[in-house]
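Before I ask anything, let me first share the structure, which is written out below as structure tokens.
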Amino acid sequence: MIYMETCRVEDNRGVGGEYRILVLRSEQIAGSVLPGQFVHVRIPRRNDLVLRRPFSVFRVRNGCMEIFYKVVGAGTRVLAETRRHAALSVLGPLGRAFPDADPDAEPVLVAGGYGAAALYMVAEACRRRGTVLLGGASAGDILLGTEFESLGWRVEVATEDGSLGLKGRVTDLLDALIARRPGEHFEFFACGPEGMLRAVARRAMQKGVRAWLSFDRRMGCGVGACLACVLDVRDEGGRRRRVRVCREGPVFEAGTVVWEEDPGND
Amino acid sequence: MTEIGAERRAAGRKEPDLSTDIGGIRMKNPVMVASGTFGFGPEYADLVEPDRLGGVIVKGISLDPAAGNEPPRLVEVPCGLINSIGLQNPGVEYFVREYMPFLRDCGTTVIVNIWGRSIEEYRLVAIRLSEAGGVDGLELNLSCPNIREGGAAFGTDARLLRQVVTEVRASTDLPLIVKLSPNVPDIGELAVICEQAGADAVSLINTLPAMAVDVETRRPRLGNISGGLSGPAIHPVAVKMVWEATRACALPVIGVGGVSSLADALEFFIVGARAVAVGTATFSNPRCALEIVDGLREYLAGHGLAGMDDLIGTLET
Amino acid sequence: MTEIGAERRAAGRKEPDLSTDIGGIRMKNPVMVASGTFGFGPEYADLVEPDRLGGVIVKGISLDPAAGNEPPRLVEVPCGLINSIGLQNPGVEYFVREYMPFLRDCGTTVIVNIWGRSIEEYRLVAIRLSEAGGVDGLELNLSCPNIREGGAAFGTDARLLRQVVTEVRASTDLPLIVKLSPNVPDIGELAVICEQAGADAVSLINTLPAMAVDVETRRPRLGNISGGLSGPAIHPVAVKMVWEATRACALPVIGVGGVSSLADALEFFIVGARAVAVGTATFSNPRCALEIVDGLREYLAGHGLAGMDDLIGTLET
Amino acid sequence: MIYMETCRVEDNRGVGGEYRILVLRSEQIAGSVLPGQFVHVRIPRRNDLVLRRPFSVFRVRNGCMEIFYKVVGAGTRVLAETRRHAALSVLGPLGRAFPDADPDAEPVLVAGGYGAAALYMVAEACRRRGTVLLGGASAGDILLGTEFESLGWRVEVATEDGSLGLKGRVTDLLDALIARRPGEHFEFFACGPEGMLRAVARRAMQKGVRAWLSFDRRMGCGVGACLACVLDVRDEGGRRRRVRVCREGPVFEAGTVVWEEDPGND
């Protein structure tokens, strides 16, 4: 069931750099959202912005749903200025959640930037704790490390400029992890830029690991009506199909995705 | 018309009558949802009671499945958006099998938007949908800026327009609405051709050809380079076209383009539209069309108007 | 072009070269102010140093004085406005006598927008302005939605278009810019006609025909019933038209429509415009054009581009 | 000289009903504005509103310029929400001021609704104090009465619903005043709805009184460039001319105005 709910802003705080957490009082959506689902938020006061903005649900606490967002453009700038007690129209929960983790596999969460937000509920839900790999351009883009640790996950970090953790990419951490534990039966859960997802998919396919990827696409309706957010996948029969990230996704199994360009060697 | 209105008023403080008729298509109220913005029917079912809508105009259906254009397919611009979906759809057979059962039962008027790469394709889709049962009318999309073959050419070339409407008319008994291209110097002329060729109504407007560029990468913001502009930005253009069309011919006109509030819909009715369709606004407010229905009822009551006939075409100039 | 660019780059960290050339009209930078939004020259003098503009395009001038349409002449709509000024102007004689002295001395390129009710009127105005001295180019307005005779008809009818451009061309040695109507299915075709008929450039776009209704009084919001839509709402439509025109013909194109920021201007340059003109945005921010000039200089420098030729038409598709 | 000035909001307070006073810190405009001139204010934050909004300058005090406004639509609604310390872009001073009052005449200010705001600086500037006639639909639309009185003016009030002062129109007050003092040499200064201006003009012409009327027209540029705000007047030679309210106005002598419809009998 998708709801359109008017949510009060309970909090809207900066958490370093361009990152912020928006806390929304919600009955219906918070009560039913699953890990990996997202919501579609109407930007208040700016009539020139005709589209909602999609955000993963970061977590649900005390009857509130939280969104962990980065200020990148006009819409998120307005959100950043939105004060406590303001009312926001939110559609959700939208999309298909990450599936339950395989109890026989060691879960590895791979996050690029605010992708970490989409994986936090997975980390909460997994019976088994595993490793979280956090990547970003710089130390400021490494998000939620302590939160994942408090949930009992092992956290490893890579930054492209070397300002925190390994100097390199999050997939370098993944390579190292795979190399360190050759016999391990892994399951990957990833959210981040498409290049990162592709790199994770490539490793998963090479090693025969199941990998769940959460995609980011320009969205119109968020509910499957406009066909803006399509992605090409193969169905069981190997037939190429064009599906909607907002409805059949945003989570897809790596093996089903048809990559626009060859995954290459990254 | 005014006489009927007077009669109704005399009948006392009845609820205003929102029903309307578009070239033989009866609708319980004159507010529909526009093709391409409400999917194939069930997508918004959790949020919008379809039986409270005047009608649903289904996303464009073609003979064969179509994959549409490459993403990104949508870009937001001031008070509007440009889309280059490219008429992706699963083809008429799949549509009839998978979606018509829902649509037949959804309790509202069902209009199917159709398109083809040739007149023959238009004809075959029309024939298939006429047999399907449950379809109340067809909307011929002769104006899509997003497909290379056919599309807008049918809607801008007077000769082609006459031909495609005549041939589809001969192939189906369903009421026929023609969705024209706004990219013409004289929309009235084309509306008259539709009338002569046997169409039952016209709908105006489709999106305006448009384009946006990422100035950092210097690449188009859409996979397809250009697309069609919709939303509040185009509403004043649509109002003008609807007004011109209603003055040029006797066909009922469906006003489409930038309707996001009661006032936007009222403008269309006042210049002469017999129905409106809400498109882009549904993305931001899924219940926009329903809110307009409620607002319209209040407006009519508040202004002492018994029904739509007392409102439609009452512009004082 | 790229060679020149490379040379310039080699010459070191020089200021980028903003100068451009529109069909023989040299301009110190490619950002002008659009006809009808900057008056006859002196109106904004307290707020905008004209010698820092690429050029001023003067409000439409006709042979005889014209009173224009009845007020209200302006209505605000989402991200735009509709105007129905109706080309009010004091006539070419008065213009030359009262305004040309200011314009001759204002230190920028002066383009005069002209219109007529007949080809003969266009010709006579062109001749008078050619003799006046100080006019750097003429812009033929063949696209005004606000006058009944002539106006847009010249810009949408291929035959008339060829005729008016040919005849005005024969009457003046001034560079000739044709301002086309956006209300056509294929702008490229019309641009080619302008090229063949001897025009030196085209400017795109004029306002889109549009209309707004007061839903309480059920009267048009404009004295003239309808008018022309301008502002950010039309920018994506203008970008598409400029792109089409630059691909269809070799004429330089002036991009007009909804420019209110550096990014808007850059979109025009990237799709191929050799200059832009700021219209409606000047009302809200009189210094908009000047701010774009400064922003453009920074953009070129920041992106390692030596001059406009390194930017114009560099869309990667 | 017209300036474009970025003005800080020093205060923005409701003064009853839909009426508010906006206090703007201004160097350039406040330093040169004359009675009857106006400013053109850019509406902040709402990109969908492409036009500035014109307002008379109500008064200048302590280096601030004040605007007395009524919330009527989208733009004034946003202005009403604008907080202290916000920055507003203001163009001004615009238009031609009321001329200096004739020292030999008894000045009468005739105001409809917020028209009173445009006349306050006239009341301050006049050497001779006279009568202010305030009209409005209801008591809440009678503005600035005590302020005019503090300046030493006699104030008379008419409301259409009779909730304050005479039940009737402001022109009924004017008629009474003229009748009461038949030999008096008056000069009228009027600002209000066009119907009221027309009625004032009619009386002025009948009695041979000089009347200065301040007009309200839809504006684009505010500086004379767009020709949106035209009004038909007759020049000295009696020739009909179309002039710009923002440049040649907003103040016109009643005798020069060409009325669209016959002034009639109101």
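Residue numbering begins at 1 within each chain, and the chains themselves are lettered A, B, C and D in the order written.
One rule holds for everything that comes next: contacts are C-beta pairs under 8 Å (C-beta built on N, C-alpha and C of every residue); 3 or more make two chains touch, one makes a residue touch a chain.
Predicted model, so just to flag it, every value in this text is computed and none were measured.
A.B. asks: Note down the smallest number of touching-chain steps it takes to go from subunit A to subunit D.
C.D. replies: 1
A.B. asks: Which chains lie in contact with each of subunit A and subunit C?
C.D. replies: B, D
A.B. asks: Centre to centre, by mean C-alpha position, how many angstrom separate subunit C and subunit D?
C.D. replies: 36
A.B. asks: Per the centroid of Cα atoms for each chain, what is the distance between subunit B and subunit D, given in Å?
C.D. replies: Computed from C-alpha means, the inter-chain centre distance equals 47 Å.
A.B. asks: For subunit B, what residues touch not just one other chain but two or more?
C.D. replies: Answer for subunit B, listing residues that touch two or more other chains: 78-80, 232.
A.B. asks: In subunit D, what residues contact two or more other chains?
C.D. replies: Only 47-48 qualify.
A.B. asks: Based on which chains are in contact, what kind of graph results: line, ring, star, complete or other?
C.D. replies: complete
A.B. asks: Which residues of subunit A touch subunit B once you look at their complex with the stated criterion?
C.D. replies: Interface residues on the subunit A side: 1-4, 42, 47-52, 89, 91, 217-231, 242, 247.
A.B. asks: Mind listing the subunit A positions that touch subunit D in their complex?
C.D. replies: Result: residues 45-48 of subunit A touch subunit D.
A.B. asks: Where on subunit C is subunit A touching in the complex?
C.D. replies: Residues of subunit C touching subunit A: 78-79, 232.
A.B. asks: Per the contact definition, I'd like the list of subunit C residues that touch subunit D in the complex.
C.D. replies: 36-39, 43-44, 46-47, 59, 67-68, 71-76, 78-81, 83, 85, 88, 231-232, 280-287
A.B. asks: Would you pull the subunit B residues touching subunit C in the complex into a rising list?
C.D. replies: So the residues of subunit B touching subunit C come out as 77-80, 82, 152-153, 156-157, 181, 183-186, 208-213, 215, 217-220, 225-226, 229, 232-237, 239-241, 243, 258, 263, 266-267, 270-271, 299, 314-317.
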